[in-house]
Amino acid sequence: MEQILCVKNLSKSFIGVKALKEINLSINKGEIHCLAGENGCGKSTLVKNISGVHTPDEGEIILNGNVYHSLTPYQAMKEGVQVIYQDLSLFQHMTVAENIAISKLSFEKKKIVNWKEIKKIAKEQLDRIGVSIDMDQTVGELSMANRQLTAICRALAQDAKILFMDEPTTALTKKEVERLLKIIVELKKKGLAIVFISHKLDEIFSVADTITIFRNGEKIGDFNSKDLDEKSLSHYMTGREVEYPRYHRKCKDNQPIMEIEHLTRKDQYEDINISIRKGDIIGLTGLLGSGRTELAMSLFGLNKTQSGCIKVEGKEVKINSPMKAKEFGIALLPEDRFHQGLFIERKIKENVSSALVNALSNRGILNRKKEEKLAEECVKELKVRTPSIDTIIGTLSGGNQQKVVIGKWIATKPKVFIMDTPTVGIDIGSKAEIYEQIHKFADDGMAIIFISDEIQELMANCNKIVVLAEGKCVVTLNEDDLNQEDAAQKISNLISSGENTEIKEAM
Amino acid sequence: MKIKKVDQFQKILLLIIIIYSILVSIKNPAFLHFETIFDIIRTSSTTMIVAIGLLVVMISGGIDVSFMAIALFGSYTTINVMIALGIDNLGIAFLFSGMIGIGLGLINALLINWLKLPPFIITLGTQNLYHGVMTTFISDKSFGAGVLPECLHEFGQGTIFKIVTEDGAVGLTISLVPVLLIGIATWLILYKTMIGRGIVAIGNDEESARRAGFNPFKIRLFVYAYSGFLAGIMGIIYVAQINALYPNKLVGNELMVVAAVVIGGTKITGGQGKIFGTILGVTIIYLLNSTLILIGLSSSWNNLFVGAILVVSVAITSYQERIKNRSHLIFTE
Amino acid sequence: MKKIREYMNRDLNLSILVTLTFAIFITLRIIIGPSLLSLNNIQSMLFQVPEFGFLALAMMLSNMVGGIDLSIIANANTVAIFTAYVLNGQLSFGTDGAARIILALIFAIVCSLLFGSFNGILISKTSAPPLIATLGTMTLFQGIGMAVTGGASVGDLIPEFSMIAKAKLLELPVIFWIFLGAAVIVGLVLTYTSFGRNFYLYGGNPVAARFSGIHNEKMCISTFLLTGLLAGIAGIIILSRVNSAKVGYGDSYLLQTMIVCVVGGIDPNGGKGKVQGVVIAILLMQVMSSAFTIMSLSPYTKKLIWGIMLVCVLGLNHIIGNYSEYKKLKMSMKAKA
Amino acid sequence: GCGSSNQPAAADSAATDNAAAETEAETEDTTEASAEAVDKSADPADYKVVMVVKQSDSWFDDMVTGVEQLQKDTGLNVSVQVPETGDAASQIAIMEDLIAQGVDAICVVPNDPEALVPTIEKAREAGIVVVTHEAPGTADKVDLDVEAFINEEFGQLFGKSLAEAMGGKGKYAGFVGGLTMETHMAWYKAAVEYIEANYPDMECVTEEPYEDGNSVEGAHDKTLEILKAYPDINGFFDCSAQGGGICEALLEKDKATTIPVVSLALPSMSSTYLKDGSMAHGLAWRPADAGYATCYAAYLLASGQGVETGTDLKITGYESVNVENNIAYGFAPLEFTAENVDDYNF
């Protein structure tokens, strides 16, 4: 087979970490090559070195037979490298259409902008992956899922020889993922090489020809996907056995801790009724735009409700600010980790204590000992991979950053913890650790609202699942319902039934 | 859809302008003369030019507070040389001053690119630097009306056409021509060329722009050179209009221009901004400052009035934006 | 030695600044001679520092939350004007002597807090960009002062008030001690209190702060309250130093406060910076400005030097910052190997 | 009478300076200071006089040339300090530094006389002679205030010139640089009062003067607006030197020949307007001469020679000053017209 990319002895260091250690890799035409590994093992760094975002410390990158010691993004594009970055790299204030077309135009060294052409390119690509996004909307107004779809369209718009996809499916629903995977397979047939990075092992197995496993910046090896199964893969990735235990509610207290009654906000969600007891882990799922994030924000006081009420421990409460929410023992793990969850230039310990500054203070004086203790505990419990709690959080990998954000809210010991897609971009090892923690806290009496797209994840971790479609609560499944064999199938059917109506309306 | 949304914002500005104008006319019908518009066009023309330059810089995610120093440097040096050599040619004046502007703008861009620091600080430094260099190494003398090259004086007094009314002639200033040309050119650059899109792109996210194949360094060079060029042009028009040359004018009036651009709907964080909005913003500021006498406000109440209106219009426009963002669950602080 | 190096690495900007200050100091000492360090001159310099220093501290706070407060000087002057009316008996409500001074001080503080909170409320409730919002309030506050005085200066204060500026403690002006005390308090508050921590977090990423249940509006308003208060204290010091108040006094300080903050290592995007840096920068600025007077430099040369210094400090920070990053990288690699 | 009371303080500062001088290399200043303490020499070279002007512009540039001329003529050790902006704060800062340096005399053209008083007092307590210019209001706080003329009389000159140019009737408006500028306000008031008293057919359109913010475009823009608000206006006067802006506006509206302008003016900046008739009168005094006279007066006071009525300050207009209430009035107002403006070169 024809080799498109060959990486030789590539090394890259950042302050405090050696992100890549003498990596050798070769990728062939018409191959789907998956990179797997825990958070922070260097997958994204490898991609960025090849696409010209980072300059390697040592080593060679051979693209189409041309040897580079470092490249510019333009050179990389010229060699046919296209990337869907983990952080998407979109332009917030530009329209969807322009975002999709702009790389292509800039690569073609166009001098003059033809807006019709931009629309044409964008429309082609959107049709290709079969989604309807308003092309004149600015990206800043899109949901995470639509942003991801936009980024995918952008990468597809250019004729790539090798396409890197760094966790392209984190915000997508199952349906969209399936469509994307289908496209990937088609592209492969056309002779493209595709490098696919994901933490969702089922995705990896459904498309991969070769799987390269990284651990701690080192390559463990290349495997044929047929030679691996989920268990062995995770074993290679983590160096240990991991298992998802199924959650069963143990708490005996059946008094509802939080009741949501007829909660409505026009155009976002309607007449939502949910009752949550101590120890409940309630899954909340639905299509993109189904209003889950909006509901979560409302429960956290960031999105005004219009009618209905929220009761905490039987008392009706008005949650009109996060401070109030915190007072009532409600925590929210936000969807947009980078902007809403992290203080990117501050130390880990400061991030951990950020929701607790007042509680850690005595008469206004911050107790730094307590803070450090808290941070140490958090890092230890959630197994954050970091040199110390004084490390600036921006230098951690995405997954490790997320763990710190979870840790920060767990430290507040909330009664109800709303997690908006908490395991996006997190490796199985860490996921298992996080699930374990969640279960433990639920066992201790915490109630959890778990928002996710992954039905398997919800099935394993929740004792109750609420499915939303177009802002309405379609069905609520109890533990008994979930124990039925066809539960997973039922949920995905419900979701797609919602989707059908959506498509109808769009047409 | 895009255009509709932007108009929404500009509508508010227009509304503010219209309501204010009505109030002034009620107080003093003299405001309703043709003359008023012509006078506002003339007095605001210089600010329009630098505001458009600043708009481009701010769209690219930067800010420039050295443009007044550049305008002064360019025009002062150019006219000094012209006086010394006895040159009397408008084209040369614009060209030379524009070139100086480009040069100083490039220095800004190089420093920003090298130091990777907020442009506000860098241009604050270069503002002092340019002015210091000019007055230390070139000259710090003032020149009165008669000494300036004749062509400048003619240009400053020039009109496109005149309307004769019962109390004298009213002319539309010729300075409108460069303003219009610059406005159109800037619009073309921003919306019809790739470099314009690059400017918007680096304003949105520099790293993403780099990944999309743009060269932020080159774009930045262009942006600051363009703003410097416009400043150089503006300097000449300014001198022509006031018909005298001082080594210490202009510098210190930057922030009002920044205010005008921001009131016009330009994001201080970059990536977004409209030429028409900027024009409206400048108009609001000038309207305010040039109607105080008409409404019979005594001098000691000037600032109180201007400040109050400024605060109110900033509050209204920002609050609109905030409401819109919050309803989309976008949290900008 | 090793400890020093460790310390230097920990806060690079500050160490560069200290080194630079010493270098400039020594250079000036050589050029100008011993008179630079005479007790007389030191007293005179420290006498000048506080009014500017308080304004710079105010600017620093606003910069640290990613904002800027252009209204500080207008605030100081207008506060001084109102206070002057109390002190000269026009608004003194029958008090006299010490009681009147106390009334005046209370009045000044209330007044400056009002101005500060106006800024804070405007910015936090409407999300107006601070640069523009405070440009508006600057004009507004000036306007209030102007409307009240018609531009004339307000004098005839009771003579005891000027004692605040004249008094000395341990050979140094009392107002300098007050400034130093205020700087230390601000520093301690920012480093050790929960407010300080919230302040840094809010400055670093206000959105994440909101999502962490930090009361952003409260933070914003209290920051500008503090800014207003510091500006108001500057106003009191001005009043006591010049014995009269007038619109427009000290307008040239505005640009200088910004420069001082930058040189002092404050990141105007917010969330970073230390009081120590700004205090050193203030002293540096004062020494240089006194030296310029002694050398009889023309104002344009001064401007040129400020410009060059700003660019140099930034350049030096950048180069050394890069170098130390490179060294850290190397060290971390060595440690791993 | 103030020289003697300052004697001990001067000796004190000389003593401290001497102590410093023992350990460090001797500087010129300290030797002079000690010489003064023993016996006042009359040699100008022994005195260090510093002039602090308002800001850098053509006006004060000319003042600098006058001061330099004085140095050449007499050998007086005199220098000029120019603040970065026209702000009382920068003048205070400069004066503080000068006090610490222990100069013999400080001359200052205060931006805001009231604000400078405490610093002036401090300087005098340190034995430094302080002479002001353009600050008659605070004359009792300084050793001497030197004025080119009596401000009221100069202001009346504005009124008189304007009234004559307008033919004694019609509406008029007046500008000042800013409401905070004391001398401008004094001239404005005197001018308006003079017109009110002598020309009943003339009417000022506003209570307060307009502000041109000391800038030509300010004067220009405001004039356009005034023309609109008061279409029947018949004359302008400007107490700050920005009459050119008014003339420009009138030229633009073809009204330059019908509406007279009287303005404080520098010949170099306004000769065009005087010649083309858009400016009827320019009024000024020679900044160079004022600087010369002020610094010379400071030297006289520092060396104990005193300034009384009749003292010659060695420059035109100040050959025989009239000292009243601690103010030394020269007689140096200048009136420019189209005919004589070319005789002046500042």
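As written, the chains take the letters A, B, C and D, and residue 1 is the first residue of each chain.
Convention: a contact is a pair of C-beta atoms (placed from the backbone, for glycine too) under 8 Å apart; a residue touches a chain by one contact, two chains touch by 3 or more.
According to UniProt, the chain labels map to these proteins: A = Monosaccharide ABC transporter ATP-binding protein (CUT2 family); B, C = Monosaccharide ABC transporter membrane protein (CUT2 family).
Here the structure is a predicted model, which is why all the values come from computation and not from measurement.
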Two chains joined by the most C-beta pairs in contact, as defined above: B-C
Geometric centre distance via CA averages, chain D-chain A, whole Å: 72
Distance between the centres, which are taken as Cα means, of chain B and chain A, whole angstrom: 44
Intercentroid distance (Cα basis), chain D paired with chain B, Å: 36
Where chain C touches two or more other chains, by residue: 146, 150-151, 207, 210-211, 298, 300, 302-303
Chain A residues counted as touching two or more neighbouring chains: 302, 340
Chain D residues counted as touching two or more neighbouring chains: 56, 179, 208
Complete list of chain pairs which touch one another: A-B, A-C, B-C, B-D, C-D
Chain C residues touching chain B - in the complex, by the definition given at the top: 70, 122, 125-129, 131-133, 135-144, 146-147, 149-151, 206-207, 210-211, 216, 220, 255, 258-259, 262, 267-269, 298, 300-308, 310-311, 314-315, 318
Residue ranges of chain B touching chain A (in the complex, touch as defined): 1-2, 191-198, 200-201, 203-205, 207-215, 267, 271-272, 328-331
Residue ranges of chain D touching chain C (in the complex, touch as defined): 13, 16, 20, 23-25, 27, 29, 55-56, 79-85, 87-90, 92-94, 96-102, 112, 114-119, 178-180, 185, 208
For the chain A and chain C complex, residues of the former touching the latter: 13-18, 300, 302, 321-323, 325-326, 332, 334, 339-346, 350, 353-355, 357-358, 360-361, 364-366, 408
Contacting residues of chain A [partner chain B, same complex]: 51, 53, 73-74, 77, 83, 85, 89-95, 98, 102-103, 105-107, 109-113, 134, 136-138, 140-141, 293-294, 297, 302-303, 340
